[in-house]
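In the two complexes below, subunit A is the common chain; its partner is subunit B in one and subunit C in the other.
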Partner chain A sequence: MKALAAAAVALALLIALALLAPQWLVFMAMLALAKGVVVLGLVVLMRTGLVSFGQGLYFGIGAYAAALLSHQWHIADAAVMLLAAAAAGGLIAALLGLLLARYRDIFFAMLSLALSMILYGLLVKSAALGSTDGFNLHARTFFGMAFASGMERRVFLIAGSACAVVAALMVHRLLGRHWGRLASAVRDNELRVSYLGASPYRVVYVNYLIAGALAGFGGALAALAVGHVDPETTYWTTSGEFVFIAILGGTQSIIAPFVAAAIFEALRTIASQYAPNVWQMSLGLAMLAIIMFQPAGLWSLAERWRRSA
Partner chain B sequence: MRISPSFGLRTAVAAFVMLLTVPASLAQQPIKVGIVTLLSGPAAGPFGVPARNAAELTAETLNAGTVPAPYTQKGFGGTPIELVIIDEAGGPQKQVAEFRNLAPRVDIVIGYISSGDCLAIAPVAEELKKLTILFDCGTPRIFEDASYKYVFRTGPTGTMDNVSVALYLVERNPNVKSIAGINQNYAWGQDSWADFENSMKTLKPGIEVKTSQMPKLFAGQFGAEITTLLGSGAEVIHSSMWGGDLEGLVLQGAPRGLFEKHKVILSAGEPAINRLSTRIPDGTILGARGPFGPFAPDTELARWLKTNYQDRYQVPPNYASFKMAQAILAVKAAYEKAKGAGSAVPDQDRIIAALENLTFEGPGGAVKMSLGKGHQAIMDAAVGTTKVEGGQLKMVDVVRYPAEKVNPPDGVKSEAWIKSDLKK
Partner chain C sequence: MSNILPVAFDGIAYGSWLFLMSAGLTLIYGVMRILNVAHGSLYALGAYAACSFASAWLNGGLPAAGSFGMLLLAAIVVGGLVGPLLERGLLQWMYGKDEVVLVLITYAVFLIMEDVIKLVWGVDSLLLPEPYALPGNFSLGGLAYPAYNLLLIGMALVTGLALVWALYRTRQGKLLLAVIHDREMSMAMGINVSRFYLATFTVGATLAALGGALTAPTVAVTPGIGVEVIVLAFAVVVIGGLGSLGGAALGALLVGLVRSATVRYWPEAELFSIYAVMAIVLIARPKGLFAAQEARKI
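== the complex of A and B ==
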């Protein structure tokens, strides 16, 4: 019940933000939300002890799925784009998961990285899709309803928020039950899980699939915000950014990814504005500080505060 | 009454948010110009930093009123200008975010080297109704696939770079029979090669394409590709490489006889000459993406940029510097034209109206905003051949091609024009 109340409050806040905030903040919120959803999937995967350095694969698939719908088939409906992107991400994850779920540790990380870079290579070679330049996409309707320009992005943010909150709630339920403890058990001692009669392969596979679908959804949401897709979405630095955000927030809560994504976006913007020559270094120093002083992520601060209160 | 600390914090946050949302108006002093250029990453050295340097130099000399005619008036129409510089690195997604943050803080945005960034920014500029000048990116797709009111590009597209070197080659080697290419595997390399290949096929029907090598961007090592090129038997090798890759190609290719055995064309080679200098073998055909750098005409405006830039940064300005100066001067010309038409402080719509179809003088010569419904510049193209004379690299046999000869007419796509009407 507590989670449900928190979700309702979060959704109400996001809707208020979408309706009242200036355009630039709506855009930032959309981007942060998109990345938060991807990182949520990553956190699900991390529960099994696996770090994917290739979530850019599904982020890119989602972005290109949405963009191709408008570009090739002239379907400019945001709802269709978001759902199709999540489905595309989930579908590819269901396929690749068959292979990846067999691997652990560094082998899993490297293989996921390699697969995302294959997609990057394919996109760079495809001149019809604009190669590294990418191409624009335009979403004009939501479930067939058209909105005034300026209003449409706010509507997309509300829709994205609703989906993200529902997804977060479902993940919270899932991890709070039998499944979540099984995932932690796979991380701690896989052999013992097998002896108890559960299949670690199945746990990893399903969690990978969830992560893929969420990343696909996030990719489409980001593409809707930006209005442009390019192969950078699948590049390893993009995947690294998701891992960065996951570490920044910590993996113990499902709200942490969203808070961390918002902090990351804000941090990057502030660094770009006030230190245009050293913005990357500013981010790197922030990362270093987190690892040194808050190894369990910023969320551990919130936990401590809650316990002391 | 006690004020709780959280109330104070909330007030501060609210004040901060309000500060950020207050739009800058054109009437404020001075005129704020956002400059977006690559300050980090591999393209910062050859393009981004030379462009930023030129922006700072141009802004300072404009404010001091020491730029030659017709730009002698201080600032923009007497109002000083102030630059807000941000980094273009990080990809289109980040750039769209930064643009949205920058737009409310400045009156005009000038920037973007990467074509991907330009394609992503243009629709956003249109949405935010912010006058935005693209100064360097090359892809003709921006105004060929869409049309914009608030977006302009004051530098020529990449089309004429490869058309002009093809014309130059065919004039000097009328019997050329085979070509090959080595270009970086990304949009710029692919587009440049396609333009060159198609130009050659139009100018010399039946020309044989021996091989097209597309090494990875920033690969740096081209041993295998050079071997393939040496064995290809092609008479001419085309490359649109830049930066470290171009230096790698020259330094690794020259000792192996790549430049002796073949006629080599470096369609965007100009920024490398300051670093490679005499190590570029004689007889290499070189382009500068327009009449820039060593190809600049001998005008007072070109001398102003060359002398001041050399004095300040100890290197000559390259094409990125020229194009940045040109973009700022374009806005100045439009601003002053709009001001001269009556309004004391011209609003954005008047500046846009003045800039559309404008012909103005840049440090590289005349610039005509004649494509993309008056939003895309064309310029003369210049091509030359390298020759080391007295220990210094010189450009000899320099040819200037009139803008209309190397650019498509308005409303015609570059690719189609190269394939059908280039020959005339």
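== the complex of A and C ==
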């Protein structure tokens, strides 16, 4: 019940933001939300102890799926785009997961990195998809409804928020039950999990699938915000960014990814304005500080404060 | 035949360069269990330092052939300064953490160094064409080739042989093998493990800087040159098996040949082919070609 109330409050706040905020803030919120959804998926995966350095693969697939819909087939409906992107991400993850779910630790990280770099290698060389430049996409309607220009993005933000909140609620439900405990057990000691009769492979596979679908959705949302896709979405630095946000927030809460993504986007906007040459350095320093002093992420600060209050 | 020879030569030259990069990476992983993302920044630092050193040398009106010495000096200075700085200042506090966490820590270092490079050398690209053009060309199957590539191949051979000799033929090398095999047991036997960690990291850092310094004359040195190199070196090391020197050599050769063949016959697939090889190897042999099997622990 508490989770439902929190979800309702979050959704109400996001809708208010979408309707009242200036355009630049709506844009930023969309990007933050998109990354938050991707990181939510990554957190689901990290619950099983696996860190993917290749979530850019699904982020890119989602973005390109949305863009191709508009570009090749002239389907300019945002709802179709978002759903198709999540489906595309989930589908590819269902395929690759068959393979990846057998890998652990650093090998999982490296193989997922290799797969995302394969897509990058394909995209930069495919002239039909604009090579390194990528191409633009236009979404004009939502479930067939057309909006005045300027309103489009606000509507997309509301739609994205609704989907994100529902997704977060579902993940919360899933992780709070049997499945979540099983995931932590796989992280702690896989062999014992199989001795107890559960399949670690299945846990990893399903969590990987969830992460893939969420990343695909996030990719489409980001593409809708920017109105452009390029191969950079699948590059390893993009995947690294997701891992950074996940570490920043911590993996113990499903709200943390969104808060961390919002902080990240806000800081990046400020930094690119005032200090473009030390932006990466501040990221690196922040990451070191969190790993050393706050390994459970910023969320653990909030948690502690709540307990002492 | 006339096609195969240049492709093979290109592949071997590229593979040599890759080996210089990945030998240090695999050595550091083998000893310290750190998959060092900051290897890419050491490569970039080496390239930038090489530009500065060699330009200073050439601007001083000294004989141009000496610029090669400057490339080597740059690598040694960068490796000798930054390597110990990183190991003593940061990494030595991190041993025993999870391997993935160590990747993240070195990733953070990588991000920091990217900006440090920008702050020191600026954001414009640097050019250093002299050492590349100096050895002239030689002809192979009717095609002119820069002799600089021969230097690269020679350098990789020398480095590889020196590493093998140092590891298997010297007292210190054998002690290091003991550390790799069982860290705690060798500590109990009185080996100063932390000194070996420092030495390994410094050697690895120097190799990365050497890779960068030798590349500096062939490309425009710009911010972000380490970004692509690091994932390439990862691919090579993972193909060979993490921690295996022979694996790194074979992986580098394999990736070099595959790349030069695809560039020749199917240029669109250049990047794709490299990572496809990595994925195929990992699918067939999940721990790489030469990795030792580990017992499952309950």
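In the analysis below, the second predicted complex is superposed on the first by the 309 of 309 C-alpha atoms of A that agree within 3 Å, B and C clash if a C-alpha of one lies under 4 Å from a C-alpha of the other, contacts with A are read in each partner's own complex, and residues count from 1 in each chain.
By our rule, a residue touches a chain if its C-beta (ideal position, glycine included) is under 8 Å from a C-beta of that chain, and two chains touch if they have at least 3 such contacts.
As the structure is a computational prediction, the values presented were derived from the model and not from experiment.
K.L.:
In the superposed arrangement, does A:280 touch subunit B (first), subunit C (second), both or neither?
P.N.:
Both: A:280 reaches subunit B and subunit C.
K.L.:
Using the superposition on chain A described above, determine whether A:111 touches subunit B (first), subunit C (second), both, or neither.
P.N.:
second
K.L.:
Taking the superposition as given, does A:272 touch the first partner, subunit B, the second, subunit C, both, or neither?
P.N.:
The answer is first: A:272 touches subunit B but not subunit C.
K.L.:
Check the residue A:125 against both partner chains and state whether it touches subunit B (first), subunit C (second), both, or neither.
P.N.:
both
K.L.:
Applying the touch criterion given at the start, work out whether A:79 contacts subunit B, subunit C, both or neither, answering first, second, both or neither.
P.N.:
Neither subunit B nor subunit C is touched by A:79.
K.L.:
Contact-wise, after the overlay, does A:149 reach subunit B, subunit C, both or neither (first, second, both, neither)?
P.N.:
It touches subunit B, and subunit C stays clear.
K.L.:
Between subunit B and subunit C, whom does A:232 touch in the aligned arrangement: first, second, both, or neither?
P.N.:
A:232 sits against subunit B, while subunit C stays out of touch.
K.L.:
Would you tell me the residues on subunit A in contact with subunit B in one complex that are also in contact with subunit C in the other?
P.N.:
Looking at subunit A, the two contact sets intersect at 124-125, 277, 279-280.
K.L.:
Using the touch rule from the top, collect the residues of subunit A that touch subunit C in their complex.
P.N.:
Its residues touching subunit C are 51, 53, 99, 102-103, 105-107, 109-111, 113-115, 117-118, 120-122, 124-126, 189, 191-192, 236-237, 240, 243, 247, 277-281, 283-285, 287-288, 291.
K.L.:
Can you name the residues of subunit A that touch subunit B in the complex?
P.N.:
For this pair, the touching residues of subunit A are 22-24, 27-28, 31, 124-125, 127, 130-136, 138, 149-150, 222, 225-228, 230, 232-233, 235, 238, 265, 268-269, 272-273, 276-277, 279-280.
K.L.:
In the complex, go through subunit B and note every residue touching subunit A.
P.N.:
20-21, 39-40, 85-87, 89-94, 96-98, 100-104, 115-116, 119-120, 123-124, 127-128, 139, 141, 146, 185-188, 190-191, 194, 217
K.L.:
Can you name the residues of subunit C that touch subunit A in the complex?
P.N.:
35, 90, 99-101, 103-105, 107-116, 118-119, 123, 227, 231, 234-235, 238, 242, 267-276, 278-279, 282-283, 286-287, 296-298
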